[in-house]
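Two complexes come next, and they have one chain in common, subunit A, joined by subunit B in the first and subunit C in the second.
For the complex of A and B:
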């Protein structure tokens, strides 16, 4: 089992690396292309993975990953399960502000409401931010890309006076108490 | 769910609003202080159930008129939710029938200038299905039937049932039902069977008369899994003959998988999924999940296809069938209340409160 570590490699000049993890590999692709095409003043490398752990062979050539994004498609149970399994292959240091979750299809009527609740509980327990994205429209993808880029700049240290831990302590997901109440009886 | 905790639908007039707020304050002072921040929604927080009672065969023909039961089963119902009906009176059903039939006729005649000879006349029967309700809080079920007849038809010519509908509430959330003001009758589940145009007309009449609104119900995959488990649990007392599940896998092009299981095998699987520690007569969501996972792993072993990537679209047994898009068919009256209870829950959760 190889853990992905945030501080085992030196950062490169003017570069930020983001890793998108999604089991379906659909939204990931579109999002990656959008992020690459965005106007920005740092070099952004987008890396894609279906799940963690990442293959050991590429370990040497892999740059330092500044932000890990788990994309969860709510219409598929598998998507959530796979993200849950992948989490175990991240070094605990990542959870100090370098992980975020992106949920798609949350407004789909066919999605059981329990699934979103379980995602929120998982994310809240890890103290990570939870973002929602619309994957059907270009606008939605653009917005998601902008948001991720904004977080990436902070976590890769390109924003003075801000760190990933600082940002995530402000933006992390919390579970409202009425969701907890469901387990009262 | 955040929206569940928001306050109830804005009351229609000020008097009501005042009444409501008085009620709430008095309740708050009665010792609900611990939830001060959330009091507004406290009364109406609906819970997604994590355990249910084991379905017990209830011979409803003892309590309910067998003729009425016969009308309810073996029909495919389309489901929608209904917000509470304002000033609905059980004593005025006759008047309602007349009003509705007059409304239907006038709507059908709209835009018709030339007599077509095909002119139809509607007869509406609205009746109460007594005995279906499970608790005192549940309002009695209402059955609406629309018959059509030719204006100049011979006396003995049989009238044809063109549309039927059912407004029901079985084991609705007690806290929620209690929190309603007395002017409202909550019958959250509307089942309709018949042409869509008539459904729309009846809905618009109900909307105008009782100031309620409607929306479609999707039976989510979790609820379909519940149904599969509940129906399978009935097997020892009533032969389910088969369990058929249909999944749609989001590939290009989409793939439909139909999975039919022998009743003995599926019962064995369900029996092994049952946990020992729990009470005998209640079923946990964990048990349902492990049951479905068992079916899915079996499928994966044979076909290398993970069904959990797709969504469950349809569940059917000899006891009934349910489709994701909100269609249900109940074939056996014995377990009807169990199914209707689950659907009432769906309706209440779906409703914008």
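For the complex of A and C:
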């Protein structure tokens, strides 16, 4: 078992590395291609993984990962569980602003509402941002790519005066309290 | 050969039966046969015979193994399912079915009872009478009521139905019928009908069901004194939009009969043909068409004239018939016609708003597939691969929905923000967001700010700008509401008569305050993350242009200064426009604060001295930075140690943001220098400051359209152009420390 650590390696000049973790390996491929094709002023390397831990063999050649994105497909229970298990292989330092969650299919009617709530609770307990994506539409994928890139730029230190921790303290997920929700309904 | 064929077809006038591929002889024969059959059928039309059979058949005739019945039924059924039935046939068949003259086929008859044009109301009245006899099985009764609800808009007029309102009302006590009866009553109820009678409701535990509550809320709108129970202000659920088997058939029949659908979504939002097959998959996504089947000539003979909305074609027509317009049963159809929306705006009819609200709630929340309790299932995802019809549908509904005081659109929006990716239907969502009524400050964080903040900071510059713009619109809308609806004496406001929303002035001010502070936070961090982008700054300054005038323009005794995170980026911006706008905003603040100070003695409101102090600090800083070259000096807002400044090796650091050396204006200074001394080789900007040149330089700047700057200089600085010397501009612009 090896923990992925954010500060064990030196950063490279003008480079940012993002790791997309998705059990189903569907959306991550499209998203990775979109991110690579985006116009940007830093070199962005996208790395893909099904789950954590990452294989030890590549440890030497793996650059410093600036942002870990867990993609959760809400229609599949497995996707959520896999992300939950993978979380254990991240160094706690990552949770200081270098992890974010991307949820797809949140509007799908066949998803039990409890699943979204449990994802929210998990993400809120880790103080991470929770993004939603429309993976079926080109526009949705583009937006998701842009948003991830915006966060990546901050976490890899390319935005002056801002750090990942700072950003994630602003964007971190909250669980809407039930009482208010009921009042509102 | 071809010639002969042409002759034949023209003779017989049955071109549809001819086939070009057959030989002329064969076609000749077959045509003759067809002709013969046609003549024969005219003599004794089996369809007419069948009808005769149904209207005259004796009660108690056995139906099991009755071949005659079976044959006749099949005949009418085929007719019903392919072309629809004319009114008199509907009447006959309904009477036949509901009287249970032969027992069992009742359900079958109801299933193929599709009207081709209209449903005569007498048929329904008679059927309701049969319903009162009480011999019919409950499930059949339910089916009948569903049938009535489905074809409600095709009933030719409703006055007779309304006259048996009391009879229909009696069925409310039937447990299984109740939801449908309530829906029917909901559609039939008129204000004048309730005054004549009084209904006594005893609400049993099961009585607090949504459909009853919906009906009650309508009664409450009409006659508040009749309904004494407290009703929840926001109702969920309610009448289901029953997906009945008839609708699909009806659509197909109407299409065949008229050659086109009257006004479904395909026509109204300009998605042209070809999307036909896809559309059928998303049948539930259509806006209901305006098709109440009241004939104008028919209704004119009735005592109460009604004018169906879909026959309105021009505005004068609307004006002429304003008093006798009949609302359709599917309120969503109103969204398809701009005249109908005009009508709705004009009448301010509470019941119509209630019903439209209900329809919107249904369309936005429950959709077809989403389970009613599923909280996350807003905007249900259609199963079909291409989502564009769905998007178009919602885009359409959202853009047309009258936006004030519709809880259903609001609650939809709040839920949607929580799962929004920031791009889906962005213009519509932001448009809707800018129109929501004032949110109480107690829940504004939870409902609006948290989801917006999470979206804002993780999105692109463009999105940030549109959010700020949308919040500016929202604030403008709130302030306008305030200035329009605020009651004279108490300064309290009651918004929209058709919503239960009342707010005290302090509650309103709290909400506005929260909103302004929230945008201040968004702007501060947003500017920082985007490297003080001029584009974002311009949207932020737009917002503060609204904020600075709240007192004078909207009579709201509230002045909120921008945070330093907005003030400094604007003051030290590299583009002169931002600086100019900041100057303008500060001038407006000064006028508002001065006016507030004058009125403060007469009125009860109070503007905190903290605000005055903040304003004075900003004002002083601006004067000393742009004018007096006293930046970084002790006593100023920004103090930096001298040694530290010396390390930077900038000559005269305290003068580095004067109107000459400010990065936004240095270009103008250079230009001015060139124009004044074109032959000079070495640039000496200091010479601009001396004597007459300074005056000319300012004129030069103002002539470029920097009116905010001009206003700022004229109102804040003791500067006499005639004297030729620059006096020590003493920021006299302190409306004093209140």
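Rule of thumb we're sticking to: the second predicted complex is superposed on the first by the 178 of 185 C-alpha atoms of A that agree within 3 Å, B and C clash if a C-alpha of one lies under 4 Å from a C-alpha of the other, contacts with A are read in each partner's own complex, and residues count from 1 in each chain.
The working rule: a contact is a pair of C-beta atoms (placed from the backbone, for glycine too) under 8 Å apart; a residue touches a chain by one contact, two chains touch by 3 or more.
All values derive from a computational prediction rather than experimental measurement.
**Student:** Subunit A superposed: clash or fit between subunit B and subunit C?
**Tutor:** Aligned on subunit A, subunit B and subunit C clash with each other.
**Student:** Who does A:133 touch here: subunit B (first), subunit C (second), both, or neither?
**Tutor:** second
**Student:** On subunit A, which partner touches more residues: subunit B or subunit C?
**Tutor:** In the superposed model, C touches more residues of subunit A.
**Student:** I'd like to know which partner A:173 touches here: subunit B for first, subunit C for second, both or neither.
**Tutor:** second
**Student:** After the superposition on A, what does A:143 contact: first (subunit B), second (subunit C), both or neither?
**Tutor:** second
**Student:** Now for A:55: first (subunit B), second (subunit C), both, or neither, which partner does it touch?
**Tutor:** neither
**Student:** Using the superposition on chain A described above, determine whether A:111 touches subunit B (first), subunit C (second), both, or neither.
**Tutor:** In the superposition, A:111 touches subunit B and subunit C alike.
**Student:** Where does A:78 make contact in the superposed view: on subunit B (first), on subunit C (second), on both, or on neither?
**Tutor:** A:78 contacts subunit B only, not subunit C.
**Student:** Is there a shared patch on subunit A that both subunit B and subunit C touch, and which residues make it up?
**Tutor:** In subunit A, positions 109, 111-113, 116, 176-177, 181, 183, 185 sit in both the subunit B and subunit C interfaces.
**Student:** Quick one: which bits of subunit A touch subunit B in the complex? Just the residue numbers, please.
**Tutor:** 23-24, 75-79, 81, 109-117, 176-179, 181-183, 185
**Student:** Can you name the residues of subunit B that touch subunit A in the complex?
**Tutor:** Those in contact with subunit A are residues 1-2, 4-5, 37-38, 41, 45, 47-48, 50, 218, 220-223, 250, 306, 308-311, 324, 349.
**Student:** Would you mind writing out the residues of subunit A in touch with subunit C in their complex?
**Tutor:** Listed in rising order, the residues are 100, 105-109, 111-113, 116, 129-134, 136-137, 139-140, 142-144, 146-147, 150-151, 154, 159-162, 167, 170-174, 176-177, 180-181, 183-185.
**Student:** Considering the complex alone, what residue numbers of subunit C touch subunit A?
**Tutor:** Going through subunit C, the ones touching subunit A are 234, 236, 367, 369-371, 373-381, 387, 411, 414, 418-424, 443, 446-447, 450, 453-454, 457-460, 525, 528-529, 531.
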